[in-house]
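Chain IDs A, B, C and D follow the sequence of writing; residue 1 opens each chain.
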Amino acid sequence: MSAEATYPKDHFLSGGWDLKSWLLTKDHKRIGILYLLSISAMFVLGGLYAGLIRWNLLVPDGTHMSADTYNKTFTAHGVIMVFFFLIPSIPAVLGNFLIPLMIGAKDLAFPKLNLLSWYLYMLGGGITLYALLVGGLETGWTFYTPYSTVFAQSNVEIAAVGIFVAGFSSILTGLNFIVTIHKMRAPGMTWFRMPLFVWAHYATAIIQVLGTPVIAITILLVALERIFHFGFFDPARGGDPILFQHLFWFYSHPAVYIMILPSMGVISELITCFSRKRVFGYSFIAMSSLAIAAIGFLVWAHHMFVSGMAVYSAMVFSALTYLVAIPSAIKTFNWVATLYKGSISWDTPMIYVFCFLGLFLIGGLTGLFLGNLGTDVHLTDTYFVVAHFHYIMVGGAIMGYLGAIHFWWPKITGRKYSEAWGRLSAVLIFVGFNLTFFPQFVLGYLGMPRRYHVYPDEFQVLNVLSTAGATVLGFGYLFPSFYLVYSLFRGEPAGANPWGAKGLEWTTTSPPPTENFHEVPVVTEEPYDYARAPKEAAVV
Amino acid sequence: MSEHHVVPLKVYLGVFLALCVLTVVTVAVTGYDFGPFNLIVALGVAITKATLVVLYFMHARYSPKLTGVVIASSIAFFVILVFLTLTDYVSRPWPLTAAG
Amino acid sequence: MNPSMPLVPERASSFAGEVDALFFFIVAVTVFFTVAVSIAAVYFAVKYRRRSDADRPAEIHGSLLLELTWTLIPLGIVVVMFVWGAKVFFHMNRPPDDAMTVSVVGKRWMWKLQHPTGQREINELHVPLGRAVKLVITSEDTIHSFFVPAFRIKKDAVPGRYNVAWFRATKTGTFHLFCAEYCGTEHSKMIGRVVVLEPEAYQTWLAGGPPPESPVVAGEKLFTELNCVTCHRPDSAGRGPLLEGIFGRPVKLASGDTVVADEAYVRESIVNPAARVVAGYQPVMPTYLGQVSEEQLISLVAYIQSLQVPTEATR
Amino acid sequence: MSETTTAHHPALQHQFTDLRQQKEAVTLGMWVFIAQEVLFFGGLFAAYAVYRSMYPAAFSAGSHHLSWKIGFANTLVLIGSSLTMAMAVHFAAIGMKRRVVGFLLATVLLGSVFLGVKYFEYGDKIRPCLGDGPYTGCLVPGERFDAAALHLEGAEGGHAQIYFSLYFGMTGLHALHMIIGIPIILGIAFLAGRGAYSPEYHSPVELVGLYWHFVDIIWIFLFPLLYLIGAH
């Protein structure tokens, strides 16, 4: 580490703090921070709704809130978390901030489009929050027809328009990343010298661009059918509700890969830095990202095995679902192999990496139960599914997100956070998480259906355990917001490369200047080449 | 742009004529009944027209290989969406009896 | 339903054993890999923890052999899982021919069930022990899902079509019935009980209730009321195809391919006759969409199912 | 064009090193946008494929009701507008400003003709539902949909409603894309008129050309799939 780091005088924030410099910025770093603030707000809101769900499920007879309120609560939790936190989280915040830095570019390919993405996100978020808060939405985040089109009495149209608009924010971010990664790499930065974080975001961008439009048209059809009653999914007139499920899951399954792939990219960066070692099987990890993006589009109907779809078609989808499990297994094995003979330091980001590894293992392997035709009949639509996707999303995506925020916090803000608090909150979150969601695997196997306001008495003990875990988890999530904000004012200057990490973003100052690099970097060495000492920043 | 290929006018006019002829073919072909192949023939004509537009009007022929990859992947995912969904509808009436 | 905290649901159907065997095989694989990888990660984290900033870790790029092993081995395991799962799924979707048919109609927030002998039940299903029960499931409004955890069966009730599931109860007692697909405000109250009785107890229960009108009788009355009989006549002189003995057998269609005349085809032919017309007949049959309720449709299907080839009449 | 001049061209955005990189980036961006549009229409084409395979009779009856002659004429109009757009791009590449403006306006004109024909086609399907004018059968899916106009009854009437919701959905979305495209072309024609483009820098003309050709391709598929089902 540099002896004693000084806080750089001119950086991308020193230009000005007034409203105009934020709301009309074209700097990918400021847009990344705008996203950080907006999705953190969404995360808090979604988390409150989660708390309300767990509060209701403390008692089996549902006396804590009415059935209608509960339905609106779990729908709001689902919609906010899926569309407004998990999908944008790492790509919009860290992807925006870091990809140009990592490939040696001045900015993303289309800065104005990037700002438009944020405005679309805020507009879509505003409309959807209006629908959720004023009157509520009680169709579940899945909008299954004919309930959503014929029977729901809530703001389905407004929420549909909100999600439609927010969808384009995701498409434009993906488009921006694809063009930037193809066309704006610094000299010497070949495809196989790029950080795996950038590979993961390239695969995510492909899914964002090719998947999101399908849910955009599907959600639009639901809204149009509610307004004009043209019977598109209305069984009375020959419409097929299962067609809606096909179109919906065609996007919504690849969407879970949009949520997990960026975290995988983060883990590859963190595990190499804190093992001070080259990643094991670089090209296998890179190709696994692309394989997940491609095969991820072939598996969607494993959400519909019991919907009465054809048995032979279900077999095809089950086989393809098992195929998509392989790249994730390859990545996990490669990460663990990277630890072998490394020099591992247990800083906060590395603790999040271990949390990710443990939880993503359980999350991924429990997917085998749900991709399997035989066991899925019993387990689908129960709390087993709820536990599975929370292990992937909260255990995987959010652990990766928190690890990334801690790892690049010195680079973004130029300040160091308190390691002690960081490690404590990571362990607290890990414990709270497992206490919340592991009992739900058992609940699911016992047959407790999801989205139930009241449930039979014998499930209460496990539900109480889960709610207890949720309080610990909620409490654990508050910690980072305290010590990270505290570090903004009291944190000691971090210097260009506090972790001694490899990567172009660590060769410029922290926080980086507006044009990222004082002179265009030339890449000569392989990625994660820790054998050689990290290059000091040209100008501190 | 040095490597940008300026396409001669007569290529455009030729492609335009071909498209008009193929449009006439599109209508003419519905005169005959090919039984189950009606749709395939109609789609075949439409695909040839679309390929002409993509190659010549949209300069795909003169663009870098990457443009071809983008076009191919969008078509691939379109085909996945349509045909994997159809596998469910086509195989619904198939009987499950081992013999059947 | 034992109030103590169970960890394994009851095994009360012939499937339960198969599904649980497959379930615990996957649990074993999950536990093995989770423990193995976690131990490896923790062991490496401790053994190779950073002692000083100066230590230089090994220069390892990767090894093709290792990559192949941890690609092919997981591939092999998942193929086994897939084939085993497909076998169980195939078995679940093929009711035996001797099964007794119970019709299930999901309606917002209640299950309406009807036995072959006509008994109707709301949110309760009494079935004899050891007898295969075929469920013909549909819905009158939104999508529901008929889920009996103890039997390990679940099938969506989709409006506008029949979905079929079946089970063979192997344990007497009372078991939970849930709706597993979100269907509105009282989704969590759309529950019920499946009561498995000894065969004799089932017969007495059947006799106990009010004399029911069997769906076959109700179907026959409807068949004449809606003057289906004018075209569908046993002497096959009418304009409609002969229905005697047609149920469950393949039927050649005008479009050339054949289809098995099961509940779904008969229901579709009543509600949407022009869809799949039998070979040799014109699509002249008027539609009864909206004129017959789901229950009446079930009675008509039951009646057609009961029509046997009259012994003396020659086809 | 030598490399140095393009490094300080007024149209060069700061994040690009030279115009060549900007042009490649902008073109790739447009192609990725078109890939996304293919999937956006793809949802409707998937629904069309499923419903046509389920209800061939109703689809055939519905498509017989449309006048394929108007569809045919409209297709030629749109292919014409595609030609004029390609010519505009061609002349922009060789720097003939007046020709560029002329062909862009021709494209807008042909596009407007196409939309006008669509307006009348929609008119004679929607007006009966509102009750004015001669009653030729209301074909807007919903309560007032008149299946008798297609000689269908009962469930087939419902299936015909699905055909017409697909018809209005797909052609409506296509028309919406043209309604968005036309003002953009006018804007670019205006800028071209003021000499904003040169052989080194005429990307906006190319991009709007790619967009317009894509809209034309969608119609090339819509015409046979909606207007020409079954023998005519």
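To be clear about the criterion, a residue touches a chain if its C-beta (ideal position, glycine included) is under 8 Å from a C-beta of that chain, and two chains touch if they have at least 3 such contacts.
Fair warning: this is a prediction, and the values are worked out from it, not measured in the lab.
K.L.:
Indicate, using Cα centroids, the chain positioned nearest the centre of all protein chains shown.
P.N.:
Chain closest to the assembly's C-alpha mean: A.
K.L.:
My parser should flag the chain pair with the most contacts; which pair should that be?
P.N.:
Result of the pairwise contact count: A-C comes out on top.
K.L.:
Hey, which chain ends up farthest from subunit B, C-alpha centres compared?
P.N.:
C
K.L.:
Taking each chain's centre as its mean C-alpha position, how far apart are subunit A and subunit D in Å?
P.N.:
The computed centroid separation for subunit A versus subunit D comes out at 35 Å.
K.L.:
Taking the mean of the CA coordinates per chain, how far is subunit C from subunit D in Å?
P.N.:
45
K.L.:
Centroid from C-alpha atoms only, then distance subunit B to subunit C, rounded to Å. What do you get?
P.N.:
40
K.L.:
What residues in subunit D touch two or more of the other chains?
P.N.:
24, 28, 32, 35-36, 39, 42-43, 46, 50, 54-55, 155, 158
K.L.:
Give me the residue numbers in subunit B that touch at least two other chains, ranges are fine.
P.N.:
Touching at least two other chains: 66, 73-74, 77, 81, 85, 89-90, 96.
K.L.:
Can you list the subunit A residues in contact with two or more other chains?
P.N.:
182, 210, 214, 236, 238, 240, 242-243, 246-247, 250, 311
K.L.:
Should the pattern of chain-chain touching be classed as line, ring, star, complete or other?
P.N.:
complete
K.L.:
Taking the complex as given, what residues does subunit D use to touch subunit C?
P.N.:
Spelled out, the residues of subunit D in touch with subunit C are 55, 57, 153-156, 158.
K.L.:
If you look only at subunit A, which of its residues touch subunit C in the complex?
P.N.:
The touching residues are 62, 67-68, 71, 138-140, 142, 144, 146-147, 150-152, 235-236, 238, 240-242, 275-278, 280-284, 305-308, 311, 314-315, 318-319, 322-323, 325-326, 329-330, 332-334, 336-337, 339-346, 354, 357-358, 361-362, 365-366, 368-369, 372-378, 380-382, 442, 445-447, 449-458, 461-462, 500, 530-531.
K.L.:
Within the complex, which stretch of subunit D touches subunit A?
P.N.:
13-17, 21, 24-25, 28-29, 32-33, 35-37, 39-44, 46-47, 50-51, 54-55, 58, 140-143, 155, 158-159, 161-162, 164-165, 168-169
K.L.:
Could you please specify the touching residues of subunit D with respect to subunit B in the complex?
P.N.:
Residues in contact with subunit B: 1, 19-20, 23-24, 27-28, 31-32, 34-36, 38-39, 42-43, 45-46, 49-50, 53-54, 68, 72, 75-76, 79-80, 82-83, 85-87, 90, 93-94, 199-200, 206, 209-210, 213-214, 216-217, 220-221, 223-225, 228, 230-232.
K.L.:
Report the residues of subunit B in contact with subunit D in the complex, numbered from low to high.
P.N.:
Residue positions touching the partner: 1-2, 4, 6-7, 9, 12-13, 15-16, 19-20, 23, 26-27, 30-33, 38, 42-43, 45-46, 49-50, 53-54, 56-59, 63-64, 66-67, 70-71, 73-75, 77-78, 81-82, 85-86, 89-90.
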